[in-house]
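Two complexes are shown next, each including chain A; its partner changes from chain B in the first to chain C in the second.
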Partner chain A sequence: MSILNDIPILSFILFSPLLGIVVLLALPHNRSNWMKKTVVVATLIPLVLSFWLYSEYDKQQDGSVFDEQQSWADIPLNKETQAAVPSEFKFTLQYELGVDGLSLPLLLLTTIVAAMASLAVIQVKKRWKAFFIWFLLLEIGILGVFLARDLFLFFILFEITLIAMYFLIGIWGYFNRERAANQFLIYNGIGSAIMLIAFVILVNTAGFRMDQIGDQVSFLYSGSYSNIFHNLADSGAWVNLAPEQMGTVNPFLMTHTMQWTLFILLLVAFGIKLPIFPFHTWMLKVHTEAPTAIVMVHSGLLLKMGAYGLLRFGLLLFPEQARAFAIPLAALGVINLLYGALLALRQQEFKLVLAYSSISHMGIVLLGLAAMNEIGLQGAVFQLVSHGLVSALLFLVVGSIYERTGTTDLRELGGLARSMPFVSGVLLTAGLASLGLPGLSGFIGEFLSLLGLFESQRWLSVAAAVGIILTAVYMLRAVLKITFGLQREDYTALKDARLIEAIPMIVLLAFIVLLGCFPSVLTDTTQLGIDGLLDQLLATRAGG
Partner chain B sequence: MLKEVPFVPLTWTDMLYLAPEFLLAAVFVLLILLDLLMPRRITRLTIGWLTLAGIAGSLLLVVLRMVDMNQGGVSGEAIQLLGNSYRVDDFGSLLKIMFLAGTALVTLLALGSVRDDEAITARAEYFYLLLPALIGAMMMASSGNLVTLYIGLELLSLTSYILVGLKRKSSLSAEAAFKYVVTGGISSAMLLFGMSYLYGITGTVDLGGIAEALPAALTDFKALAYVGFFFIIAGFGIKVAAAPFHAWAPDVYQGAPTPISTFLAVIAKGAAFAALFRIIYSTLLTLRDEHAIVADDIWLALLVLAAAAMLAGAMAALRQKNAKRLLALSGVVNTGYMLVPIGLSLSVVHSSNFSEFVYYFIAYLFMTIGAFAVVSAVSRASGNDELRSFAGMYYRAPWTAAAMVVFVLSLAGLPVTGGFFGKLFILLGAANAKAYWLVVIIVASSVISYYFYFGFVRQMFMRSGSDEERIRVPVETGIVIWVCAAATIALGLFPGPIMEWIDVVFSLQSDLMMLG
Partner chain C sequence: MDKLTQTAWLIPLFPLAAFLILTALGRSYRRVGVLIGIVGSFAAFLFSLFIVVDRLGANQVDYNYSIEWLAIGDYSLRIGFEITNLTTLMLAVVTLVSLLVQLYSAGYMKDDERITVFYGYVSLFTFSMLGLVLSDNLLSFYIFWELVGVCSFLLIGFWFTLPKARAAAKKAFIVTRVGDVGLLLAILLLFWYMPEHALDFTTIQSVFDGQSGAITNGITTLIALLLFVGAIGKSGQFPLHVWLPDAMEGPTPISALIHAATMVAAGVFLIARTFDIFQDSAAAMETIAYVGGFTAIFAATIALAQNDIKRILAYSTVSQLGYMMMALGLGSLTGGIFHLFTHAFFKALLFLGAGSIIHAVHTQNINEMGGLRSKMSVTTWTFAIGALALIGIPPFSGFWSKDLILSAAWETNPLLFGAGLAAAFLTALYMSRLFFLVFMGKPSAASMDAQESRAVMTLPLIVLAVLAAVSGFVETPWNGWLGTWLTDGSEEAHASGAVIAYSVAVGLLGIYIGWLAYGKRSISFAAWHERLPWLVRLLERGYYNDELYSAVIIKPLKLLGNVLLAFDTYVIGGIVRIAGAAVSTAGRAAARLQNGQAQTYSLAAAIGLVVLVAAIVGRRFLP
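And now, the complex of A and B:
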């Protein structure tokens, strides 16, 4: 074990897709089969590594041994205006990676979904090389978002997913791809711009630190997450000192208003990504226009980045505000849940049913977060992982159906169970997982989230339960229409799934069943992350 | 109040300090003669290469001087020539390095594009007139008094008026030259008017002298001081194309030969920034107590100008269909970003305005020249510089398209590029100075700008062009593109070394403030 500790395993996971990119660049344009193999291998490496990490993590009960920290760049700042000249005054950019119980399940989810999506890229028909390169860059970005422990590193990797997605939707999407890509860019651009404002203010206040070694005094601004986390929680840190305690002025003070502003900024920034109700229109377009592999990654992983960001930066850095905002947050969750479910009920386009269903399921995540207790948070994380697997599987099936029938319109599809029994079976199971059938993963996530919410806000959880019923209605309506229902004549000759399509379906299904039957595989790990979080929440409650 | 002005002769040592400028002037004179004497059958591209050599020599001299001045990792004292009317200091030298490197790239770009450009008949002038313009820019960065500054400015402006109109067979070029002469003239007039007020209330044209006399002058002539400063800011506002003084930029950039547009966008703009930076910081920083309010007002005016440039530029660019006009408006937005560090003033926790400015300027230099180089290659192939002519570049020139993506990302301020860190440092500075409203405007304008910058990407990767023929990129243009792309990425991956270097060589006290 000690030898393995010296290996920067997180960096390996983060950068292993880069290997694939290098190989791809070297391959000639017409070797599409080699390229496909390269992509699959390049996504399998981080998958294997993250499995190993997951198993090791459980044994150790503490993820900090894996943390990596390197100085990326030290930006010296001019200190000529300072009265007592410090020996150093700088802004440090850190290359800092880490995992804990919250990010590890999402990291594993990323590598699983990315690897399965890489098998679905066989449906791409043109410009393979560029597609595969952007795809792997997208994976690096997502992995990095879950691994980064420095605000700016997080931001940079977040933006890389934005750029990669823009290209992937705009070039390889369906008919309205350009509009979808533009809308994606502008909405998410606004989201990350708001995030950047919040981060810049955070670094300038809570990110300030004074180090003293002997008589070497150094002042530094740092985007290090742990630094900001501790400063905000420490009542003696500069960021929390009133001006009177400092002498005259405290340029680093974060007032109560500022804390609230930052919390709201972060909520909106990640709310767009999640998406929370009024900010959701962009993701409908992406869901309908993006190619199969990309929509798997988008629905399965990118939406999770929003929830993760909200949890990591909104709730963990500002627990006091989060607690005070719990009821509005839960209300937003209920709105998402009901709005998504009601609109899903009305759609004729299956992809839109799934898109609205994603909105609805993200509402459950919000409910879990708003519960502000251990069970609720467990539920939220569980729901994230479960929805990632289920929606990736659903879109994979949609891709296969579209490839054969050329449509995803519910009015035209029907009776596929006869000609495509395997695909239909998978679709049915995935639909059942999505509506929360016990024994499949969706159930545990919804159950835990609502249970948590029931403890803290009883009435809202009753309203939420209505949404769960609606989920069953719209999901069964759509899935049953496709699998059973009247069969069109030209669909009788459709071929069932090829092996390369069946493998990712089986793998994803296996994980869904595994989590449904043995939820502790996931919850034990999440528990480790949540313990720390709850300490923090309880401490603020005790403090004021 | 007027002091007798002593006559200061130029000594041999002074000449050595001025060697970079003198070398350029010598090469300039030599090239005029060579153009006259050289037989017609020898291609005028030779003059271009000689111009490039002259610039490289001058660059070497500036670097050597800088190394000499900063031995032992300590910022050296500024060298004052001719009664402090010309200063050789790290502020000036850093910017001169940028101007020289920028002009070298522009010359190379001109070498690549002129070969089959029928519209440019005066090929020798096309190259050697860059030299006096460059000398003017260097004088502006080094000037320690208003008169030197004005002479530098006029030298730069007059030569660039000619350069803009060099495409004699194009009516757009003539129109551009005319517009540039008129607006340039207005700008010079405003500057002179403002300067005359400053001279009037302080009795001196020396920047250090103005700083000394200003507090006393303000008690009696506060309103006149405001008029003076506002006119100077407006004058430079035209030169750097800050809104609402930016309307000339799209027309002029569109009409001028592409390398000359690049020169205007980068070097001419940078020189105006350098002069503005020096005037503002030398005169205003020393104001204390009741006069500090005046300084704050002027700084606020600069910030308002910056905000207006960012928003107006970004809005105007949204509907732009011409690549060169688009880049001109993008230049307006970037002017806004670069005005922020100048207008933020200093505070106890924030005084690294200069390094923020320089880092962004370096990033701006490479990404703008690179983008213009790509435009020049594309318009050479298609015969026009509409955005539409970028269509299908993925098929026609995949590597050039990839380089353009780098420039677009950098201009939009997205990682991993120099433009990202440049903008990040400016943002951090603004937040440090508690100018949160400005943080919001900077970020908002960059989101708006995503839309039009990605217009290039849309054309290159998502549309198919009218012809599928490969775009041939001339070797010189290719070199410019790849140098700029490599530099842009390097600035985005390793922002540390340059910032450390600036921190070591530059000192507010000895390089910018002229008191004491």
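And now, the complex of A and C:
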């Protein structure tokens, strides 16, 4: 047995960036170099730990050995139980963490992208200390979203990312930063409110559990994910509880309508984050206004929280609804794919091309999910990880170009391959990865999603395949406009990437190539998480 | 099974290693870089040669080996390699032409500051092309298919500062991608219809060859047509041929290697590799035959009116690829592959010869050339051999392969026989026009100072000229060796005196008319220019294909994009703005209660908690 089993490794990963925050607080304001080193080191710790976890996980076959559970606070409820035996009714807030095949790849992605983004913070010009603290808080929030196994813990950590993002955009963004930050907060706040409503309903129904210790029976409501999952998976579970203890109270009344309501609420809440058309406008401003390191995290990681939430809470908890909703979901995916691609084609601002490209690529994730089979689900998860790496890399390059030319407008850029061959080469490769060139990671996610979807919804799959042509059109248009062609005279003196910029580019590229050539390093891990999900989906299929 | 065949997967790794080393070295070591590229392809060539010798001997057993690449639940995606006589033939062609082109480039690209980048790209291309050839299943075939596409894209856009090169590179990538989607969909169909979800060529062969009925006729035709869509894109068949002439913006050695000898033939190779699927579908076979036959004539007429030497050769390539497709559509696998084989040599020769000319006269316009015969004798003689092989004059190689195709048509399809003959006549006409304008007559201003290229460039020309002259003897009417070797003797070699007579007659007629018009100048096509200017314009512009696509596809797409952009900005954005305004009005009202910022956010959290507690407590009032 590994040493990992004996330590709360998940908590270590989650809170290791706090170390950095403590050190940052202690450092004097003028020591910017020290601060930069601190923030890099603070992101390297969870990176190393999560790699360690990943390597151990494969041998375990099951991530549950790493689960952590602590009771946090009990709130007694004075509810009449009508029970013959002594009993109490309470609401429990829990601290519960866990990993499985779905969250582990995203956890790893988070630590990688966060570490690479921390190297890109050199472009920040003011108030380093506060920036770095918010940045590390943001990382804690994202890590927590992928680790949390309690609905309220999930919600709190989800909110931390919102608040951190709000300040990071509002203070350190570009010209329209405040508007962008406000729009971000309002839009995502609405999404969070919807999510909270869904969570509250869930906790009050499927969150019910009966604990019996000796004679003492306690009935409790909690946000424990595994409990909710099992209650929903076996909707007759409550009947098995001894009726004499329960009386006539049905602890969770989950009608068909209610299930559908919850599913749609969750779909909207996480659909805003993903984003699903037509909830996408908020992210356009974030892409253009946020500083480089933050867009890397936003595009690379925050959007993934939406897809993860949809998978974790939408598909896994409500497989029956998900199956019934597969065709609309696939249609939404195709709309995202084509709509994003067509709009990306008409943008003059490179950041907006990439923003719409994200919408388009998230469409592929929806397609993979809508396939409702293991190939499609694998494709969706792969696409999430791949898009995280590729978009982080693209925005890294954008940051380097903006730093030198002061613009990311396609009309003003051109011929950069002459003075900046390395950066241009990286940009071209990232663009090729984005448009799904085999050998790079983007292809695998795209191919598997389409292959999976083709089994169940052939025509939508064909429509999506046509969208792949458009991806090539808008991506090449933008990338070639920047790197090829005649160079403006004032760009001839531009310097190529510095070492500190080149390192994260090379690391991200290495992962993109690795996943493209050896996809099984990721899919083998995901498979363990997919199996459970697939059982759920197949059970509903068999049951009609 | 001998060790040699089992280790054939090493062949692509030599050029891959060359690419990696070249990329790591950067641009500094120019001489070493060139040497690395050449050594990489030489090693691959040598290894392939051993395999060829081995296959020519006693060893005729196909060998394939694959490993699991990606396992998802019960599904398994594999990659692997396969050695058959067909792949062996392609190995030899690809490695040989790649080696010769790299030798040639040492001279042609000598003064380019990015020569090491060039060699890196060419090595990457060679690796990908060899991977494609060796692939034992359609998925890895598709992967390498895309990779050769991207190498082609990079090399067309090699001189990236030229806006035309940029446009051509982008066009090549996108137009071929249209075809790639066809191939991709064919793979998706096969995956879900094949027993055990197998994608390897051996299983495909056994499933479709056995007429097992595992797959219905409709689906078979659909798969075949989708595969053909992929081939149309890659092999420049009508209507996706538009990228190939523009691809001539790339360096000329690239035109020889990628856009004449190897990559553009990949579509033909694809159909040959999955020929059993096509043989099950008469409709698909007819489609291929007619598209090929039409493309052969169509492109040849355009070639007549071009003035850029490379564009003439490019349209000629499109036309010749049409021949190969036609042969496959007529059921003659040997005919298609044989023509691929001979075409690789004589067209690579013609392109490299054109490169030698362009290098000397610094123009690509054939009207500005002339009289080069006296200045560049090696180029002239080798080019003449290439031209005669292309036109199909015995005993040069193109004659034999074209004869085989025409014979196949002669027996089954008179219409396509006529098309093939007409295309052969047009070929003779445009090639003699090209030859007489460039080499004969008095030296023009541009040709005055022309000098023969250096030995490193002429040596590949001589080697290719020898091959263009003699490579046809592997398959003649009285010796069907190639057909027997490729298809285990299941195809009969055709021999018909009439076909030979027809084909030689139209070839000679074409040359004669060409000579009269552009050599002796006793007849003139000037009258055509005066009386039918629209016809000449029509041919020059390639039947306005680009303009048509621009009007029918690109402009509507842009319009749709603009409409959606307006929708996104005003409709969706408008709704969001209204909602946002409502929220901020409410927010301003609430803000009167609180004026510290931090409190505002904790208020949100507090409200959330209140809602939560209220909901839980409230439940007890429920029944």
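Convention: the second predicted complex is superposed on the first by the 516 of 544 C-alpha atoms of A that agree within 3 Å, B and C clash if a C-alpha of one lies under 4 Å from a C-alpha of the other, contacts with A are read in each partner's own complex, and residues count from 1 in each chain.
Please note the rule applied: a contact is a pair of C-beta atoms (placed from the backbone, for glycine too) under 8 Å apart; a residue touches a chain by one contact, two chains touch by 3 or more.
These numbers come from a predicted model, not from an experiment.
A.B. asks: Answer with clash or fit: chain B and chain C placed together on chain A by superposition.
C.D. replies: Overlaying the two complexes on chain A (C-alpha atoms) leaves chain C and chain B clashing.
A.B. asks: With the two structures laid over each other on chain A, which partner does A:D234 touch: chain B (first), chain C (second), both, or neither?
C.D. replies: neither
A.B. asks: With both complexes superposed on chain A, which partner does A:R177 reach: first (chain B), second (chain C), both or neither?
C.D. replies: First partner only.
A.B. asks: Now for A:D74: first (chain B), second (chain C), both, or neither, which partner does it touch?
C.D. replies: First partner only, chain B.
A.B. asks: Identify the partner contact of A:F91: answer first if only chain B is touched, second if only chain C is, both if each is, neither if none is.
C.D. replies: both
A.B. asks: Tell me the contact category for A:D211 with respect to chain B and chain C: first, second, both or neither.
C.D. replies: neither
A.B. asks: Which holds for A:G415: it touches chain B only (first), chain C only (second), both, or neither?
C.D. replies: Touch status of A:G415: second partner only.
A.B. asks: Taking the superposition as given, does A:G189 touch the first partner, chain B, the second, chain C, both, or neither?
C.D. replies: In the superposed model, A:G189 contacts both chain B and chain C.
A.B. asks: In the superposed arrangement, does A:F167 touch chain B (first), chain C (second), both or neither?
C.D. replies: first
A.B. asks: Determine, for the superposed model, which of the two partners chain B and chain C contacts more residues of chain A.
C.D. replies: Between chain B and chain C, the winner on chain A residue contacts is C.
A.B. asks: For chain B, sort through 115-123, 151-159 or 403-411 and name the stretch that clashes with chain C after the overlay.
C.D. replies: 403-411
A.B. asks: Per the definitions at the top, what is the overlap between the chain A residues touching chain B and those touching chain C?
C.D. replies: Common interface on chain A, chain B vs chain C: 75, 77-80, 91, 159, 163, 182, 186, 189-190, 193, 196, 200, 203-204, 221.
A.B. asks: If we count contacts the way the header does, which residues on chain C are in touch with chain A in the complex?
C.D. replies: 69-73, 75, 142-144, 146-147, 150, 157, 160-161, 163, 165-166, 169-170, 173-174, 177-178, 181, 184-185, 188-189, 191-192, 557-558, 560-562, 564-565, 568, 572-573, 576, 580, 583-584, 601, 604-605, 608, 611-613, 615-617, 619-620
A.B. asks: Which residues of chain A touch chain B once you look at their complex with the stated criterion?
C.D. replies: 72-83, 91, 93, 127, 130, 152, 155-156, 159-160, 162-163, 166-167, 170-171, 177-178, 181-182, 185-186, 189-190, 193-194, 196-197, 200-201, 203-204, 221, 251
A.B. asks: Show me the residue ranges of chain B that touch chain A in the complex, using the header's touch definition.
C.D. replies: 346-355, 394, 409, 414-416, 420, 424-425, 427-428, 431-432, 434, 436, 439-440, 443-444, 446-447, 450-451, 454, 457-458, 461-462, 494-496, 499-500, 503, 506-509
A.B. asks: Would you mind writing out the residues of chain A in touch with chain C in their complex?
C.D. replies: For chain A paired with chain C, touching residues are 75, 77-80, 91, 159, 163, 182-183, 186-187, 189-190, 193, 196, 200, 203-204, 221, 278, 280-282, 339, 342-343, 345-346, 374-375, 378, 415, 417-418, 432, 437-439, 443-444, 447-448, 450-451, 454-455, 461-462, 465-466, 468-469, 472-473, 476-477, 480, 483-487, 519-520, 523-524, 527, 530-531, 534.
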